[in-house]
Amino acid sequence: MKAVAESRAGAVRPEPRRGGPLRIVWAVVSRFWLVPVVVAAWEAAARAAASIDFPPPSAIVLRMRELWLSGPPTRLFLSDDAIADLLPGLGRMFAGWLLASLVGVVAGIALGRAATAAHYVEPLIHFARAVPPPMLITLFVLLFRSSTQTQLAVIVFGVIWPVLLNSMDGARSVERGYLDTAAVFGLGRRERLLRIVLPAAAPKIFAGLRLSLSLALILMVISELVGSTDGIGYELLQAQRGFDSPGVWATILLLGLLGYVLNAVFVLVERRVLSWHVRGTRTT
Amino acid sequence: MTGARLVRGAVGVAGFLAVAELAVRSGYLDERLLPPPTVVVREAVLLVADPEFTSGLVGTVSRWLTGLALAIAIAVPAGVLLGTVAWAERATRPLLEFLRPIPSVALIPLAILLIPDDFLMKISVIVYASLWPILINTMYGLREVDPLAKDSLRSFGFGRLAVLCRVSLPSTAPFIVTGVRLSAGIALILAISAELLAGGAEGLGVFVIRAGSGNRTDLVIAAALWAGTAGVLSNTALVAAERRLFRWHHVRSGAVT
Amino acid sequence: MLKVVNLAHAYGDQQVLAGIDLSVGDGELVSVVGPSGCGKSTLLRSIAGLIKPSHGQVLINGVPVEQTPDDLAVVFQDYSRSLFPWLSAAGNVALPLRRKGMSRRARREAALAALDQVGLAGSADKYPFEMSGGMQQRVAIARALAYRPALLLMDEPFASVDAQTREDLEDLVLAVRANHNMSILLITHDIDESVYVGDRVVVLTRSPATVTESLTVDLPSPRDQIATRELEAFVRLRSEIGRLVRGRPDLVGEQ
Amino acid sequence: GQASGNGLEKTTLKVGALPIPDPAALFIAKAKGFFKEEGLEVETSIIAGGAAALPKIKNGSLDISQTNYVSTFLAVSKGEKIKLIADAYQAAPNTFNLMVPKDSPIRTAADLKGKTVAVNTLTNIGTLAVTATLKVAGLKADDVTFKEYPFPEMGAALTQGQVDAAWVTEPFITATQSQFGFRKLADTMTGQTADLPIAGWMATDEFAKNNPKTLAAFQRALAKGQQLAANDRKEVEAIVPTYTSIKQETAAVITLGTFPTTLNETRLQRVADLMLEYGYLTGKLDVKTLLAGASTP
Amino acid sequence: MLKVVNLAHAYGDQQVLAGIDLSVGDGELVSVVGPSGCGKSTLLRSIAGLIKPSHGQVLINGVPVEQTPDDLAVVFQDYSRSLFPWLSAAGNVALPLRRKGMSRRARREAALAALDQVGLAGSADKYPFEMSGGMQQRVAIARALAYRPALLLMDEPFASVDAQTREDLEDLVLAVRANHNMSILLITHDIDESVYVGDRVVVLTRSPATVTESLTVDLPSPRDQIATRELEAFVRLRSEIGRLVRGRPDLVGEQ
C-alpha cells in the first residue's frame, strides 16, 4: 500500500512554484545535505587512519589554497600556478569536448541513418574505442607536430565514443511514425536529419554528451601525462613524482569540483533544450 | 549479423589496413616509428604462440568480463533507484558528479593502497570507471518511458515495483544495453590501463610494459590490435543479443538494421 | 459504486473540469459524451487516480480514493501507446491477470478467450506493431475485459473499428457486464452508441466542462442492434442528446 | 608469512621488477636456483615504475621491489618508511645519453638554453642527470623545459619536433642511433654523476623489521646473482631476453651499466647529496639510516 | 490522378492485399471502407510509398511511383505517433511548409489559419502532450490541409472527435478540396461519412483484401449535413454499403 501511495506522490508532483526564500533554502538543503555528512565522515576517518596517503580533507583544502588560490584579490585570488597551469588544460578540454561532440553527433546521426555505410565502419569504431588511450599516444605523438595537437587528439579520441554510439543508436531508433510523416510531406534529407532525427534522438545524444563531458576531464588528465608542461594532469604528475600526497588529493578534489560544476551547467542547458521532452514525459 | 554485413565490415577493416599500409610504405608515416600493418598483423598472429602473451590475454579478459559484469550488477539497480526516486538522485548527484571525473591514473595508486589483492584492486578500478555509462543511460532511459504505458499498468492496480519491473525496465532495456556496450569498451580500456599503471604478474598491459621497455613498438601495436579485436567481438556479441531480445524495439522504431 | 463529487481540475492555469458531479451505480453502464477537448479523458484519469484533481472527490463504494482504486480496468483513448510493445497480444492481455493470482496457464487461457471474444483469435501471438489500429484497440479492450474489474473505464474504445465490429463489441461489453456485474463508465463520441449501450447518458459542456444533463436511457434490456435502434424512445433520446451536444458554431469552414 | 625449517620468517617472496636490464641479477639468481638454495620461493611480477611499486610494498601485495634511488630518497623525505636492501644497477659511460636528431643545430649542452628536453620521468634521475650536465655547460634547470615522455615515444617526439633533445637509456640509445641516426649530445653520467647509483631493491621498514632472516637470505642469494652479472656480461645478455622484450641480438650490443656487489652507503649518499644540491631535497638525508642489514660482499 | 493496379502485399507469409485495383480522378474524393484489419492502412502506406508492395503498381498521373510521391499529404491513423512531440501544434503544422519555400512568417500564418479552421485557434502553442486525443487528430488534419497537396490520403481522420466537430471537419475537407482541387483518398469506418463526403466509395473485403465494389455516389454538390443525409439516394447507398461491409459472423459474444 505504501508503495502505491508513493507512486502517486511521484507521478502527481505539484507544479513547482518559483521564488520564496524558504523554497530556495529547501532546494539547497535537499540537494546538498549529503555533502557535509560525507565530508565529515571522511575527515574523521582520515584523522583516525593518520596515514600520509590519506590526508584529511581539511589538509587537502589547505593545499589547494596554497596551490591555486594564493594569488591577489584582483585576480579572484587565482595564483600564477592556477592561471598558467589550469586554464590551458581546461581550454584544451573544452576544445576537445566540443570537437568530439560535433564530430560524434554528426557522424553518429549520419551512420545511424545510413545502415550500409555503418556496416563498413562499425568494426573499426568498436575496434578503436577498445584501444586504451595510453597506447594510442604512441600513434598521436607520431602524427602531430605539437604536444597541444597530440593532447587534443587524445581527448577527442577518448571522449567521442559515448556521443557517437548514443547518437547512432538514437538516430537508428527514431519512432517510425515520425519518419513516415517526414517522408510523406517530402521533407528533404537535410531537413529530415535536422528537424526530425536530431530532436528525436536528442535524449540519447544528451546522455552521451553528459557522459563524455566528465570523460573529457579524465582524458584531459591522461593527455597531460605525456609531453605536457601545464594542465591539471601535469600538476597531478608533478605531485605524484614528488610524493606530495596532499597535492595529489588536491588535484583529485579539484577535478571532482570541476566535474560537478561542468555537469551542473550541462544539466541546466539540457533542461532548456529538452524541455519538451521533460514535460512530455512527466505530465500524464 | 547478416552475411552482407560481415562482408562489409571486413571490407571496411581491409580498406583501413590498406590505407595505413600505404601511408607507412609511402613514407607519409615513419616506418621506423610505426611498423606497417602487415608487420603488426603478422606479429599479432605470432603472439598466439607465445604462452606468456596468451595467458596474459586470458587474465586481462577474465578481469575485464568480471569487472563488466559487476558494473552491470551495480549500475543498473543504482540507475533505476536514481532514475525513479527523485530525492535520492538529488541528494547523491553532487557526490556522483564529483566522483565521475576522477581519472584512473589518480585512482589506481590509491586503489593499490586500499586493496592489497591485485585482482580485486584491478576489478574495482574497472568497475569504477565502467559504471557510469550504464548508470547514466539507465537514468536517461527511464525518463524516456512512455508515461501512458506506465499508467496502463498502474490503472490495473499494480504497485510501483511492478510498474518498474514490467514496464519501465523492459522499455528502458535497449537504452541500458547501449550503456553496456559503451561500458564494455571502457572496462576493457581500464583492464589494460590498470596493468599499465600498476603492473602485475600477467596481462595485456604487463605485456605492453615489457614490449615498450624493450623498444618493441611492433609488439605494443600488436597487443593493441588484440585489445581492439576483443572490443569488436564483445560488441558483436552484445549487438546480437540486443537484436534477439529487443526485436520489438527495432521493428517498431523502423531501426535501420 | 462510483461517485464523483464536484470534481474540478486545471492544467497549470487552464481550467478543464469545473465541478463535475457524476455517479455510476452497481452494474450500471454510464455513457459520457461531450465535445472534443472538453475534459472527458481528464475526468477518466482523475477517477482512475492517475492525476490528482485540483478539487473535489472521487468515492468508490463510499470511500474516497486517493490512489488507483482496486479492481479497476481502463481502456485508454490512445490505445496504441497503452499496449506494451515488447509483449504479444496475448502477453498484453495476460499481464494484468498476474494480480489475480492466476497461474501462467490460466492467464494464457483467459487471454486467448478474451482475444477470441474480440475477434482476434488468430492474432494472439502478434506483437502490437504487427497489428492494425483496430486490432490494437481490440487488444486493449480484451485486456480490460479479461481482467473482469468491478469498475471499467473506457475512453472511446470503439473509435477505430468498422461498423460491424463496433456493434459486436458493443454487444460484447453489454454481455460481459451482465454476466459479471461490472460497473462501466464509457466515453464515446457516437451519440447512437451512448444511447444503445448506456443505462444513463451524461452530457458534458465545452471546457471548462460541467455536466449539462444526465439522461436515463429507458430502453428494454437485453438490447438488440436492430430492434433497439428502431424504437421510438431510442430515436427521441439520440436527437435530444444530439441537440445537447451541438449548437456551438465554433468551426469556421473556409467557404 | 609461513615459517620454515631454517628459521625463515617467510619463504615465498613477491618481488616486483621492471622489464629492463637493471634487475638482471634477480633473474639470474632465480634461474640459477640461488633463492631455492636459501629456501626461498621468489615470485616476480612486472611493475610500472618504482613510484608505482611503492603502494604495492606498503600494502603487502609486493614484499620487495626494484626502485630507483632518486624516487626512494624523495619518498623518504616525504615521510615514507622504506628500507633499501640491496643495490642493483649503477651508471656507466654512455648508459644515459642526451640525444638529438642528426641534423639538429644543437651541438653542445650549452645550446640547450631555451629548448625542450624529454625525460622519462619528471623530478627524477633524468632531470637530475641533465641538470648536472647543464651545470657543466653553465646552464640551470630553468633554462630548459622538461617534458615527460615514455622512452618508446621519445623517438617520435624528437622526429616530430615536439622536443629538441631527449634523455635516453638503453636499448633506446642503440636503437635510435641506428634507426634514425640520432646523435649523442652528451653523456649525462660523467663528472658529478659518473658511476651514479641508479637502481636498488627496497622493502618497507616494517617488512625489514619483521623478516630479518628472510631478508638476509634474499640478500645472500641476490648477491650471488649480482656477482655473476658483474663479472660476466654473457650472463646478463643471456638472461635479459627472458624477462624483457629486448631481443638476443640487441642485448648483445647495448651498453650496460655495472652491477655493484655491495650496498655501499657512501656511494648512495652521493645521490642524496646531489639531490640536495639541485633542490630535489630540502634537507640533508642520511642514507645510512635507510640501509637494511649488512650486505656481505 | 492516382491509379492502383493489381496491388498485392504480404507481411512475411501473411497475405494482406490480394490484387487491389483503384483509381482516384483529379479532384475526386474516394472513400474506402472495409473491415478492421483488412489492409486499408497497408494500402495507404503502399500508395504513400512507405512500404514496397509485393506486387502491382501505383501510378500517379501515369507515372509509376517508386518512392514517396511529390505533393502528397497523409493523415495517419496513429496520429499521436505522427505528431512531433518537440514541436507545438503550430510548429507541427508549419514544418512541412518549409518545402513550399514559404517564409517563416508565412508558414506561421498558414499554420495558424489551418489550426483555426479545425477549431484549434486557441491551442496553437500547445504541445501535443498538452492536447486531448481529438485535438491532436485535428492538428494532424490541419497539417495536411495547410500543406495543400495535390493528393491527400487520410486514414480515419475523424475517429476521435465528437459528432459536431466531425461534421464540421467533413465539410471543411470538402470545401478545401473544392477550392484547391485536391484529390483525396479517405479511409473511414463510418459508412454515412463515406457516402456523405465521397464521390465514390470503394468497399474492401476481409483480409486478404480485394475490392468488393466501387460505388459512385450520385448526390448533388455542395453537400449539406442535414439535407444530403435526408436524400433517398443517400439512405439507399448507405444501406447498400452497410450490406456489403457486414454479413460476416466472426465475433462471438459470450452470451
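In this document, chain identifiers A, B, C, D and E correspond to the written order of the chains, with residue numbering beginning at 1 in each.
Note that in this section contacts are C-beta pairs under 8 Å (C-beta built on N, C-alpha and C of every residue); 3 or more make two chains touch, one makes a residue touch a chain.
Values in this document were obtained by computation on a predicted structure and should not be read as measured data.
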At minimum, the number of touching-chain hops separating chain C from chain D is 2
Just how many steps, at minimum, does a route from chain D to chain E need if it may pass only between touching chains? 2
If you tally the C-beta contacts for A-D and for A-B, which one comes out higher? A-B
With chain centres defined as mean CA positions, report which chain is farthest from chain E. D
Intercentroid distance (Cα basis), chain C paired with chain A, Å: 48
With chain centres taken as the means of their Cα atoms, state the distance from chain C to chain E in Å. 26
Expected list for chain A, residues touching two or more other chains, is 4, 7, 11, 53, 138, 142, 175-176, 180, 225, 240, 277, 283-284
At least two other chains touched by the same residue of chain D: list those residues. 55, 58, 150, 152, 156
Where does chain C touch two or more other chains at once, residue-wise? 11, 45, 50, 68, 78, 81
So, in the complex, the side of chain E touching chain C is made of residues 11, 33-37, 39-41, 77-78, 80-81, 116-119, 123, 130-135, 138, 155-156, 159-166, 168-169, 171-172, 175-176, 179, 189-191, 242, 245-246, 248, 250-255
Which of the residues in chain D come into contact with chain A in the complex? 51, 54-55, 58, 74-75, 77-80, 118, 121-124, 145, 147-150, 152-153, 156-157, 160-163
Quick one: which bits of chain A touch chain E in the complex? Just the residue numbers, please. 175-178, 180-181, 183-188, 191, 195-196, 199-200, 202, 276-277, 279-280, 283
Considering the complex alone, what residue numbers of chain D touch chain B? 16, 18-20, 43-48, 52-53, 55-56, 58-61, 150-152, 155-156, 159, 171-172, 175, 179-180, 243-247, 250
Within their complex, state which residues of chain A touch chain B. 3-4, 6-7, 10-11, 30-35, 38, 53-54, 112-116, 118-124, 126-136, 138-139, 142-143, 161-162, 165-166, 169, 172-176, 179-180, 203-204, 206-207, 210-211, 214-215, 217-218, 221-222, 225, 233, 236, 240, 248, 251-252, 255-260, 262-264, 277-278, 281-284
